[in-house]
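Only one structure is covered here, and it is reproduced in the block below.
As written, the chain order gives the labels A, B, C and D, with residue 1 at the start of each chain.
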Amino acid sequence: MTSSHVPAAAPAEPIGVAVIGAGYWGPNLVRNFQSSSAFRLRWLCDLDVERAKRVLGGYSTVQTTADLDEVLADDQVRAVAIATPAATHLPVSLAALRAGKHVLVEKPLAASQAEGRQLVDEADRRGLTLMCDHTYCYTPAVLRIREFLHAGELGDVHFFDSVRINLGLVQRDIDVLWDLAPHDLSILDFVLPPTVRPVAVAAHGADGIGAGRACVAYLTLQLSTGAIAHIHVNWLSPVKVRTTIVGGSKRTLVWDDLNPSQRLSVFDRGVDVATPDEIGDELRRDMMISYRSGDMVAPALTEREALRTMVEEYARAIHTGTPALTDGRAGLRVLGVLEAASRSLANGGTMVQLAEA
Amino acid sequence: MTSSHVPAAAPAEPIGVAVIGAGYWGPNLVRNFQSSSAFRLRWLCDLDVERAKRVLGGYSTVQTTADLDEVLADDQVRAVAIATPAATHLPVSLAALRAGKHVLVEKPLAASQAEGRQLVDEADRRGLTLMCDHTYCYTPAVLRIREFLHAGELGDVHFFDSVRINLGLVQRDIDVLWDLAPHDLSILDFVLPPTVRPVAVAAHGADGIGAGRACVAYLTLQLSTGAIAHIHVNWLSPVKVRTTIVGGSKRTLVWDDLNPSQRLSVFDRGVDVATPDEIGDELRRDMMISYRSGDMVAPALTEREALRTMVEEYARAIHTGTPALTDGRAGLRVLGVLEAASRSLANGGTMVQLAEA
Amino acid sequence: MTSSHVPAAAPAEPIGVAVIGAGYWGPNLVRNFQSSSAFRLRWLCDLDVERAKRVLGGYSTVQTTADLDEVLADDQVRAVAIATPAATHLPVSLAALRAGKHVLVEKPLAASQAEGRQLVDEADRRGLTLMCDHTYCYTPAVLRIREFLHAGELGDVHFFDSVRINLGLVQRDIDVLWDLAPHDLSILDFVLPPTVRPVAVAAHGADGIGAGRACVAYLTLQLSTGAIAHIHVNWLSPVKVRTTIVGGSKRTLVWDDLNPSQRLSVFDRGVDVATPDEIGDELRRDMMISYRSGDMVAPALTEREALRTMVEEYARAIHTGTPALTDGRAGLRVLGVLEAASRSLANGGTMVQLAEA
Amino acid sequence: MTSSHVPAAAPAEPIGVAVIGAGYWGPNLVRNFQSSSAFRLRWLCDLDVERAKRVLGGYSTVQTTADLDEVLADDQVRAVAIATPAATHLPVSLAALRAGKHVLVEKPLAASQAEGRQLVDEADRRGLTLMCDHTYCYTPAVLRIREFLHAGELGDVHFFDSVRINLGLVQRDIDVLWDLAPHDLSILDFVLPPTVRPVAVAAHGADGIGAGRACVAYLTLQLSTGAIAHIHVNWLSPVKVRTTIVGGSKRTLVWDDLNPSQRLSVFDRGVDVATPDEIGDELRRDMMISYRSGDMVAPALTEREALRTMVEEYARAIHTGTPALTDGRAGLRVLGVLEAASRSLANGGTMVQLAEA
């Protein structure tokens, strides 16, 4: 990958694609597949076919159906994109894979890590692409953060703090953790250097309004280096905040997704601790702390819709047969943390170790 | 207390006062006692008498000394204000109380809850005022928040979320929890209605930079109503954030202390859940969630230095013999949470129950 | 018009419509006509028919053509929307009106006031709707500002200050005044109470970069009440600002279009001058100035695309035969100010009187 | 001058100084002279000696008097700082100069350019320092802007746009132009390279509230290079804005004085126009416009009180006998623009040429 976005797939015959699910997210997929020359959208499938028609509008040549089998039977459909409720990801994705289709699944990959693993195994067995639509990973800001961290430009990561709060739809089937934290967890998974991994997670939450599930939650992750990651997700905040701070030994980066004129700020400011030599005592160490007060740089970012880049990465993965940047395994890792966090939440916030990936 | 600030003490003979400690905070106390007609500043006392002279500057008639006993022997000194390191609060305050002086102590009240209790008991025994300088409680914003919450204008409190991060001085003797969280804990103690109290606390932290103590910490408090409070304190952030959100069943309040033109925002937006009747099932409850999207009001606040109001409250407490708004017991409650949080931090984040106050 | 948006047109046979011009703005009109049930989009017409096809994308049933006559000959086309360069507005609009079509024109209405008057007269003669797409007038914020001002909620207007600056495309054919100021002038025309009208205008500008036309310009308008309006438009600013302040005798309103969470702020703060009685002298008057420091209210606004509301207003005007909120006459008034401003700019900033509308 | 602040004066006998005027600004001068080792504050002089005493507070050794002659007769007073109303600057300053004292005068230097010239001439004749307290010029931000511009780092200046609006005290004796614009004009004078000078000015204003003088004003300045400067000053705005944009051919700088965490932002973004060769026609020129979209850098600035630096510069000028950075001549240039602007305002906004300095 070169600077700040995924390269376009080489020109080729457009890939026939079908979108499954015309609810909240489906229309975005429809729009982006339609505007990508790498794909040819053939179907929009929804149990409520009238809803699918409404999504396409009155001027479209794309076909609609309520019958998944009809879609899967279409030989010109080589790939599907699934935007149905999480509980249905397993059966729909499995059916598609078994019909020989490449699969892109809305986050979370499946309703559980066990289900997710079935999908990964099935795709592996068949040599098909399984990709998880971790949309935020394809924003110009997150792609750039990944570059910074993978290139070591922040130094060692000390902390990762993410806040994602807003007045949000209280979901019927899932709590705020499963609704919002997948975004932050997939970003964390995406930007951390491969050598730094979450090893344990604790979660606290509250259901202030009597909704029957947590509407506010805080996750604390221990990273393999001793660093800390923390995520605040909240459905009840009338102010919208989407800010992530990644503190490093050399620089610290702030991503404010609600400030389009300055989404990323990289601070050359911080606290330095000189390595104490072998005879350094407590007093010496205190003396060796110093402060840097340098400039801040806000790198220029191209404004580009994340889904457009995601769709191109799906095409690239299909064409090359190599894993997508956010492949099924990335989806599995996110599910692993979510399940552990749910266990912690149920147990009053105890720290839960994560299984080896 | 009437609207949004503490009433001025009735005119009376100024109270002779001495400030003990000419370090970071002492100069602020000096300045505010000097500008209050309720006090007459007689001494600035510091082991380093040259420092005390520098603080007063070259034009002052206030006396300096390195000898606490000299101050306490001065009959015209009826009150002291102690701004020395936390470890010395106990001996200095005890000496002052035993000399019959009223005592104002910098936060935290003492180095431990046990020490703090000695001070409270001593002051009680002698009928002297013991006050803790929880400065933030005397800002116009916090006084107003207290009014809102005590009057029930937010409805039931659902969550309290406070972020206090900045590039901060890594302290030699205490971690970030003991350095910064007293601010948030004293505010929480001050603004919550008396019927809502913290019952347990968990703390997670990290020492990214090898400073030998936590530089980043997250506190989660369970409140007696099932609501949640959360505090993020951090010495390593190059961006400064001081934002508190108090979410309630009727309204939600945001305090952004770094936005002088709009410190308080009260949102009439939120999520409502109608009380399900006795035959309400799960499905019904989902149906009964609704969203309010009302106006936001930013109440006009007077700009007034918090320390000025605090100093007036000290005078009021001395004159009336009634407890200060942030009396020794408030300081004790904050120490109780801090000690429990430290235990949790040492034990990997387990939830620690708080003793009854 | 009721609260804050234009009411939907009554259900009726959709109006056949054609969009002329597939350049910068055309695609937005295409999208909004397609999603409106009041219209049926039949044609997208552009001299470059390949561009028209690209705009529609590969899945559309809408017809394309490079031939305006073909569109005008279509009996099912009752209305057109013209988004071609300003210099062509006269011939294209006249042709459409003469073919009996209702006409919506991109701002500015025409290249000159004289041309604009031809269009207004032609539409009047034929009893057809002539509407100017002053898009900003249909934003929820501007509709609300209009309500505030028309209802007198700000009191007398003292000043109107608008800043619209950004790194903008230096246009080949027009200067920054004609490119950006039509937005502010149309808003001013739309929100001011009918009794308050611009009577004179002065303009200053500069062409820092040698572009051959003003890239920075400042307009000052005298209003009929003695109040002042001022507009700053600028193509060279790397920071984007879109802020309008309307100062009134009772309240002052700030519209920050780049702050989606708080676009409108209404301040109950200001300076009051009591009316001096007949014996009031200069000194007395000074005494009678006082300051209000009240709350600020940010009214809840629905997020709704302005073009969607504009398109509905076009349908309403056609169905009812009554003038659109931004009819041809509004377009004429804006052209009158623009022409006077250009004369002022050419004459070094002299104040130019506006002709009676 | 080296990086971003005026160097401290060499250690020497402190200069005896008196502050004349204990009104709005005097207390700030008192505080800063007291904390400077270069000065010894001997007097605070005010016609209302009780006010002077209140300013000093109850703990000060500084003398007060209502008698200017008493101050000027004190041989140990070598310098005065005058913070009385503008109308009295001439007599008070002349008296001080004639008594052989160095003079620092609050802005504006005097009530008219003619009066100001008397002061400059008198100081020249006597070889005394005459300095104007253009406080903003000594902020770290403005000192840095001056460095940027003098070093040519922005390239040619295209525009200078300054907004200084707030709910302000409506002054009894002067309009908003004379109250607030001296700040912007002194900054403009200070930061522009010496080769770029204002040559003409136009001013528009309004007195919305019937205060008897302009409460809102806009100044447009033509610069000698053809560039434009514009200043908006306003007493009636409930929102406070203090933002200056300096647009250059290479970079553009934004100074937001109300954003302490990012006062300066330097954008490497802009519009480039390649120099057309001799046969370049209009069309070619259009083709040669291009856009840069580079990073933004927010330089680290030390937080330092401007008055402290100003006071040090006063000491430096006295010690060295060289002109202060903001000497009497700078004050004269600002007065020249103010007078021309007042003439323009009185004549409906005509462009008024500035006399050669």
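Note that in this section a residue touches a chain if its C-beta (ideal position, glycine included) is under 8 Å from a C-beta of that chain, and two chains touch if they have at least 3 such contacts.
Remember, predicted model here, so these are calculated numbers, not experimental data.
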{"item": "Neighbouring chains common to chain A and chain B, by label", "value": "C, D"}
{"item": "Fewest touching-chain hops separating chain B from chain C", "value": "1"}
{"item": "Chain whose Cα centroid lies at the greatest distance from that of chain D", "value": "A"}
{"item": "Geometric centre distance via CA averages, chain D-chain A, whole Å", "value": "52"}
{"item": "Between chain B and chain D, centroid-to-centroid distance (C-alpha), Å", "value": "40"}
{"item": "Touching two or more other chains - residue numbers and ranges from chain C", "value": "239, 265, 269, 296"}
{"item": "Partner chain B, residues of chain C touching it in the complex", "value": "262, 265, 268-269, 293-300"}
{"item": "Residues of chain D defined as touching chain B within the complex", "value": "34-35, 40-41, 57-62, 239-240, 258, 261"}
{"item": "Residues on chain B engaged by chain A in the complex (per definition of touch)", "value": "156-159, 161, 163, 165, 167, 170, 172, 202, 204-212, 215-216, 218, 220, 226-228, 230, 232, 234-239, 245, 247, 249, 252, 254, 265, 267, 269-273, 282, 285-286, 289, 291, 296, 348-351"}
